[in-house]
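In what follows, structures are represented as structure tokens.
Below are two complexes that have chain A in common, paired first with chain B and then with chain C.
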Partner chain A sequence: MVTALILLIVLMILGAIAALESKDLLSGIISLGIIGFALTVIFLILQAPDLAIVQIIVETMTLVILIAAVMKTTKADTVETFGKHSIFLGLVGLVFVFVFIWTAVKAFQQMPGFGSMPLRMASEYVNNGLALTGAGNLVAAVILDFRAYDTLGEATVLFTSVVGITAVLRKLGRNRV
Partner chain B sequence: MKGMSVIVKQISRLMYPSILVLGVYIILHGHLTPGGGFAGGVLIAGAFTLLVLAYGADEVTTARGKWRATLGESIGIFLFWFIAVLGIVQGGYFFLNMVNHGEPLQLFSAGIIPLCNIAIGIEVSAALFAIFITMSVLKLGDKV
Partner chain C sequence: MIVFILAVLLFLVGLYGILVKRNIIKLAIGLIIMEYAVNLFFVLAGYREGGTAPILDGDLAPGTVFVDPLPQALVLTAIVIGLGTTALLVSFAVKIYEKYDTFDIRKIRKLHG
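Coming up: the complex of A and B.
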């Protein structure tokens, strides 16, 4: 299992690099799809079918929207210029990479092992979730009963993003047309 | 946006009812099987997107579709808030699971969880379809 995970993560990193480096925006988007679909397989291997379903559907939908948007507008990438400021930005980026990797290593050392369940809240959900909510799917019980505030905030974020997109991409004021 | 060839039109006409049914199934069985309002809603939005991509869309249908999508999105988020506030009215706190839980592992069970799934399904499907229409169908100067 670990070998398959490492292979998939290497594939995801290669896809991310290809998405960044490709000159054509369409091939960049397709390389971006590698990341999402590999993440779907990772969720399946780690036995999280809820996340796998959401990930594969949302990834497909996002790719379709992005491809349709690129076909409508332009395929050309923006040209980057190099100067003195790019050296400074690269140094800052390196510092942040080291800080993040150090923090991640420190954080992962304190995580419980895969499959073990020492967290008090999680064991409460698993043991009493069916009796308290009556939902067979424990994920639904958590996101819509125990942690329904999170889901409400998430739905509100989606609503706000759609309002923002329709307001920004309207391009012309309503009164001027 | 123009439509695609006859093959694509026929295939998508055959496919989109089953995609819709799968989306509704995933929403309604969200408290029993993996999935839920979000995944099913995205599937329903995907069925509509498939139709728009295959058959094309002119200005009038686009304006009407976008109006309906934003309306459905508002109705979905309003239903979700309504269910949440109904808990205060019934028993004192937000998101109270006030409906009878029923027999576990049946379709009609788990109190408000299926109702919340339906509300989220309406909201997500309409929201993603609105995003798709806005980002890829509308042109500069469309009066929408």
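Coming up: the complex of A and C.
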């Protein structure tokens, strides 16, 4: 199983490089689909069927949104050139990446290995979830009962983004150009 | 442990896209890659050896090991929020293209209306 996971994550990394390096925006977006659908399979392997269902819908929606935006505008990528600020920006980026990798190494030294994570918080949910909420699906019990305020916040963020999109893309309104 | 390192590598690919690319759509793609990497990392961290999906039904053998439901619930929220932020970002990109006729962030200099 770990071998299948490694192969799928390597496929995701290759898809990510293809998505970022393609000269055509449309093929870059299609390569992004590799990552999302490989992630769906990984969620299934990792025993997370709820996440797989949500991920496959969200990935399709993301691709539709991105393709609609690109078809409405242009498919051509911009050309990368390096000006006089590039060296400074590159140095800042390198420092940032090194700090990130250093933090990741420090964190990995504290973590138990893959597959042996202790159930510190969730043992309460696993042992008492059915009695307290009556929900057989523990993920649903967590998002809709134990952490329902999280879901309320999620709905708020989603509503805000919908309001923002309609405000940005509206055709009517003040016309000051 | 190697799957964790590969997830961090995927995050770094997305970070490379955000730091190097100049096209707004490419920046959005880099952001989506980073988001997927974080979701993947959370679910990998919640996996337990030999665990089954955290769904209780009648014919479960006693002593069944479940995977951690908490990271799954958090990632479920994060996936949906990611779609909302991506859609908002892309709608800004379309509006910028209508005004400037380019996706190049170096050419978008006029901040006034």
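Rule of thumb we're sticking to: the second predicted complex is superposed on the first by the 162 of 177 C-alpha atoms of A that agree within 3 Å, B and C clash if a C-alpha of one lies under 4 Å from a C-alpha of the other, contacts with A are read in each partner's own complex, and residues count from 1 in each chain.
We adopt the following convention: a contact is a pair of C-beta atoms (placed from the backbone, for glycine too) under 8 Å apart; a residue touches a chain by one contact, two chains touch by 3 or more.
From a predicted model like this one, the values you see are computed outputs, not experimental measurements.
Under the clash rule set out above, the superposition-derived model of chain A with chain B and chain C shows the two partners fitting side by side. By the touch criterion defined above, A:39 reaches chain C but does not reach chain B. Of the two partner chains, chain C is the only one touched by A:122; chain B is not. Of the two partner chains, chain B is the only one that A:60 touches; chain C does not reach it.
Of the two partner chains, chain B is the only one touched by A:134; chain C is not.
Shared-chain residue A:20: touches chain C; no touch with chain B.
Touch criterion met: A:72 reaches chain B and chain C at once. One of chain B and chain C touches more residues of chain A, and that partner is C.
Of the two partner chains, chain B is the only one touched by A:145; chain C is not. Judged by the touch definition given at the top, the superposed model places A:158 against both chain B and chain C. Taken over all C-alpha pairs, chain B and chain C come no nearer than 6 Å in the superposed arrangement. Counting contacts as defined above, chain A residues 49-50, 54, 58, 61, 65, 69, 72, 130, 136-137, 139, 141, 143, 151, 158, 161-162, 165, 169 meet chain B in one complex and chain C in the other. Within the complex formed with chain A, the chain C residues making contact are 1-10, 12-17, 19-23, 25-26, 28-30, 32-33, 36, 39-40, 43-49, 51-57, 66-70, 72-77, 79-88, 90-95, 97-98, 102-104, 113. Residues 2, 5-6, 9-10, 12-13, 16-17, 19-20, 25, 28-29, 32, 35-36, 39, 42-43, 46-51, 54-55, 58, 61-62, 65-66, 69-70, 72-74, 77-78, 80, 89, 93, 96-97, 100-101, 104, 108, 111, 113-117, 119, 121-122, 125-126, 129-130, 136-139, 141-143, 147, 150-151, 154, 157-158, 160-162, 164-165, 168-169, 176 of chain A are the ones touching chain C in the complex. Every residue of chain B that touches chain A in the complex is listed here, in rising order: 1, 26, 30-36, 38-39, 42-43, 45-46, 49, 53, 66, 70, 73-74, 76-77, 80-81, 84, 94-95, 97, 101-102, 104-105, 109-113, 116-117, 120, 123-124, 127-128, 130-132, 134-138, 140-141, 143-144. Interface of chain A with chain B (complex): residues 49-50, 52-54, 57-58, 60-61, 64-65, 68-69, 71-72, 130, 133-137, 139-141, 143-145, 148-149, 151-152, 155-156, 158-159, 161-162, 165-166, 169-172, 174, 177.
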